[in-house]
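Two complexes, one shared chain (subunit A), two partners (subunit B, subunit C).
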Partner chain A sequence: MITQQALRALVDEWIGAGTKVAGPSYVKKDFCQYVPLASSAELLLEGFIHPRNSIKEFFFPRHEKIYEYALKGHEVELADMSPASTPQVIIAARPCDTAAVAILDAVFNWGDKDEFYTRRRDAATIVALACVQHDSQCFCTSVGLGPDAEKGADAMLLPMDGGFEVRCITDKGRALFAGRTQSSDKTAVIPEGPKVKMSPEQVRKALEDYENPLWKTATLRCLSCGACSFTCPTCHCFDIVDEGNAHGGCRAKNWDSCQLCMFTKHASGHNPRNVQGQRQRQRTQHKFRIYPDKFGEVLCTGCGNCARNCPVSLGVLGTLIELCAEMPESVGESK
Partner chain B sequence: MSNIYMPDLMEVVEVKQHTADVKSVKIRFKDAEKQKNFSFRVGQFGMYSLFGEGESTFNICSSSNWKDSIEFCFRKTGKVTDAFWRIDEGDTIGFRGPYGNSYPMEAWEGKNLIFIGGGIAMPPIRCAIWYALENRAKYGNITVVYGARTTRDLVFADELDQWAEYDRVRIIKCVDPGGDTPEWKGEVGLIPNVLAAANVAADNTAALVIGPPIMIKFTLPVLDKMGVSAPDIYTSLENRMKCGVGKCGRCNCGPVYVCKEGPIFTMEQLNALPADF
Partner chain C sequence: MIEELRQTCRKLLEDGTVNVVIAYGQSDPEGPVYPIFVTKPDDAEKIVWNKQCFANLTTYLTRKEVKALGRIAVLVKGCDARSLVVLEQESQVDRAMVHVIGLACGGVGEPNPAGKCTVCEVHMPRGTDQIIGSVPETVSDSQDRYAAVEEFMKKSPEERLAFWKKEFERCVRCYACRGACPLCYCNQCIVDKNRPVAIDTSASLKGNFAWNITRAFHLAGRCVGCGECTRVCPAGIDLRLLNESLARSAERNFNYRAGMDPETPPVIGTYNAEDKENFIR
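And then the complex of A and B:
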């Protein structure tokens, strides 16, 4: 185990050694986010359910330069902006966020590797913080995870009397805590997570019907703001744009969302997904059918951020439950 | 290369204006070694950059047998193509590619080919036509049905005449009713009707159909009646793309990443996808 005091001292040690450290912190009253930490005093280790963002931005930033260009007459000079492999530690990430990174590895590594992601990922150590509380939006147990799921984590902190049980999962995790823990005859007791609320298999089955009228009715309230995808730990769509002028500038990767109306619009004006129902359908399809078919895993960790951050309380979980409700009890049965 | 989004620098060798809003551009790698080693298959696409303006996706519309340069063709319709309209010989642009799958030119050997294109769809067909003509002995009869709104909207019009000079090649040009001039020697009518009336033998045939969704929709029943079935009808999807390498999620259509598993699909494959294209 490690006491909270010793843990904070360790975090300060990492920061002092030049390692980038990020973790949950109150950025304003009642508003918790994962942010880069200047000192362990900012680090939140209890009393929060889930930060408003996810840890994906430490591997896949909202905005990042791909390269810089300089125009000189007819000539162009390009400067590669590939990131350096700077060590970073993500501390106190919720298990649903660490699992998301493990899931995202597949898409950034298939075919051509996206080294903007993989370099940061390779240089990062992720320490999860097991959950002792959950709210009505949490549904990790429905997608095979749970309050102390180890997926994607290098080490895990499990809250217990006087500190945390430290569970080292990978060599990276062991290296981080080597010699810094003390033995204890007690172990942490992690309560059960949220009850199972829906079944990915049933959602998948329901998604085979592209013309399900649910997509028209359930999505009428949607504002097409994209908050669900921006705060989602697994949504990873991005845009590539030029920012600069006739002398020079950069090309950048920026977060994008399939919920925005311009996302698929052709230059001709034709838009394959021109109504919100189609866009919500796409997002759900991508998470529960396309990604599992291609990469073998559901692109959702049940963190609940999509519903928690929705300005009209649309509740993606609610839509999923409705989808499942239409299905017969047995998943294997045909419609 | 470790940065997969980094383009190669290309010199603009030639710019040719085809219609009031369509140009084709011939480009060459600035690095002669790269030009020498570059190869692609007809049907593949590239990402073309104009620095400060952005990046656009176009098919490589030259034949893969032409080693000296590659060509792309565009219609002036948006921010990047507006800027491409202003480029000139000697300018520098960026290129990434080749990406995506290609036409099954080997599987088509021994078959009769029907190429059907509407308007700006000629460039992605043109590369396959030239490739087939350059390997003339390997393919059966070649029929090209090319339609545009008016006589002034035909792209690569001069090449249609060159193709007609090859053996066993039939070129059917058409323009929409009202788009003809007194001098027009081609057909007048919409592509599906022109095709239906053209009496093209369709045994042992593969068809490549590219054009606006509405044209494709009405051409398919005609092909079906002629006896060309869904597994033998090919098209190229034009989903919007950004990365071209299966990361950014934009071209996603049902279970496929169009940039990786496409852009060339048979109608049989498309029938199994949602209509997100």
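And then the complex of A and C:
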């Protein structure tokens, strides 16, 4: 185990040694996000359910320059941007966030390796913090995870009397805590997670019906913003843009969301997903049907951030429950 | 009051006055309240009205998917009714085609009232087709509408810039502010123009300043202070503060307040030869 005091001292040691450390923190009153920490005093280790963002941005930033260009007379000078490889520790990440990184690894290494992602990833150690609380939006147990799921984590902290039980999962995790823990005859007791609220298999079957009327009715309230995608730990779509002027600029990789109207707009002006219901359907299809077909697992860790951050509380979970409520009879009928 | 509201909506649907009622619903009494589109009379039972009814439902009146449903009834609080006035003045809503049900409102937010409600002076909606409920006697209209801006303006320009840098750094460019805002109805938002690019889409500090400031300027003299931008921001940015500062300027310089009176011409759309600036003559 490690006491909270010893853990905070260790975090300060990492920061002092030049490691970038990020973890949950109150950036303003009642508003918690994963952010880079200037000291361990900012680190939040209890009293929160889920930060409003996810940890994906420490590997896949919302805006990243790929290269810069400069026009010198008739010459064009290109400058490669070297992907950052500063050591970083992500501390106190929720298991639904660490699991998402394991999922993202598959995407960013599929075919060509995304150097920007993998270099950051290789230089990072992820320490999860097991959950002792959950809210009505949490549904990790419905997608095969749980309050102490180890997927994607190098080590895990499990809250217990006087501190945390430290569970080292990988060599990286062991290296981080080597010689810094003390033995204890007690172990942490982690309460059960949220009850199972839906079944991905059933969802998959329901999604076979492309013309389900739900996409026209239940999604009417959607405001076409990207709050769900951008706070989702697994959403990973990006756009490549050029920014600059006649003298110079850069090519950048920016987060993008399938919920925004520009996502599929063609240069011709045609937009194959012209109404919001189609975009909602696409996001759900991608997470529970298209992605599993390619990578063998669902693109959702049940964190509930989509619903928590949605201006109109339209999360994946609610949509799926509604979709499955009509199963199995309605699948044939709606056609 | 809730029974009267449900009965009213049921009747509007039954007698064919409207095809859809845009209202508030809640599936779990402990959970969030969200907008619902009631098309069947029996579903009027699903309508709720409580302290969690934050959303400004007039934002749906300009959406093509919603317009396609036919004649619309919409629930408005006092603040929401002001945005309806602006939408009508800007020819975005044919007022005669919308049945407006005003809800007397003592403020939303529990246990703490929403920021906008602490300085509210429109507890009773105006310009509606009917009003349901009454404002609690303990609630009175505020006279201190720019309190937050006044407090903020005590900071030096450098401190204010530092504040906005810190706030805008968190912006992820999800455009939830735009989506929730009833007055962000442009067919093509300037940030979606990419031939050529007008505003960087990058969530860099430069791009974020460009986006948030442009949006605030486009709402100058139009924003009614419903506070939806602040409520929906997943990065916790108090965008309303920016808009309120421009609203304060519109009132100080032109004695104009958006959405208060349908008969007062919009400040941005008015020509006045008596204007104190010379360029206008």
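Note that in this section the second predicted complex is superposed on the first by the 326 of 335 C-alpha atoms of A that agree within 3 Å, B and C clash if a C-alpha of one lies under 4 Å from a C-alpha of the other, contacts with A are read in each partner's own complex, and residues count from 1 in each chain.
FYI, a residue touches a chain if its C-beta (ideal position, glycine included) is under 8 Å from a C-beta of that chain, and two chains touch if they have at least 3 such contacts.
Computed from a predicted structure; not experimentally measured.
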Inset, instruction - Once the structures are superposed on A, label A:R283 by its partner contacts, choosing first (subunit B), second (subunit C), both or neither. - result: neither
Inset, instruction - Figure out whether A:L314 sits in contact with subunit B (first) or subunit C (second), or with both, or with neither. - result: second
Inset, instruction - Give one of first, second, both or neither to describe whether A:R204 is in contact with subunit B, with subunit C, with both, or with none. - result: neither
Inset, instruction - Examine A:S268 and indicate which partner it touches, taking first as subunit B and second as subunit C; both and neither are also allowed. - result: first
Inset, instruction - Using the superposition on chain A described above, determine whether A:D239 touches subunit B (first), subunit C (second), both, or neither. - result: both
Inset, instruction - Count the residues of subunit A touched by subunit B and by subunit C, then name the partner with the higher count. - result: B
Inset, instruction - In the overlay, answer first, second, both or neither for which of subunit B and subunit C A:F230 touches. - result: second
Legend entry - Which superposed partner A:K28 touches (first subunit B, second subunit C, both, neither): second
Legend entry - Touched partner set for A:L260, first subunit B, second subunit C, both or neither: second
Inset, instruction - Return the residues of subunit A at which the contacts from subunit B and from subunit C coincide. - result: 239, 241
Inset, instruction - Please give the residue numbers of subunit A that touch subunit B in the complex, ascending. - result: 66-67, 69, 71, 74-76, 78, 80-82, 107-108, 110-116, 210, 236-242, 244-246, 248-249, 251, 253, 256, 258, 263-268, 270, 272-273, 278, 282, 285-286, 289-290, 293-294
Inset, instruction - Going by the contact rule at the top, pick out the subunit C residues touching subunit A in the complex. - result: 27-28, 30-37, 55, 59-60, 64-66, 170, 172-176, 178-180, 192, 194, 197, 200-204, 207, 228, 231-232, 234-236
Legend entry - In the complex with subunit A, residue positions of subunit B that touch it: 2-7, 9, 49, 51-56, 75, 77-78, 81, 90-92, 94, 213, 238-240, 242-243, 245-250, 252-255, 257, 260, 274-277
Inset, instruction - Spell out the part of subunit A that touches subunit C in their complex, as residue ranges. - result: 27-28, 31, 33, 52-53, 62-63, 136, 217, 220-221, 223-227, 229-231, 239, 241, 243, 252, 254-255, 257, 260-262, 275-277, 307, 309, 311-314, 318
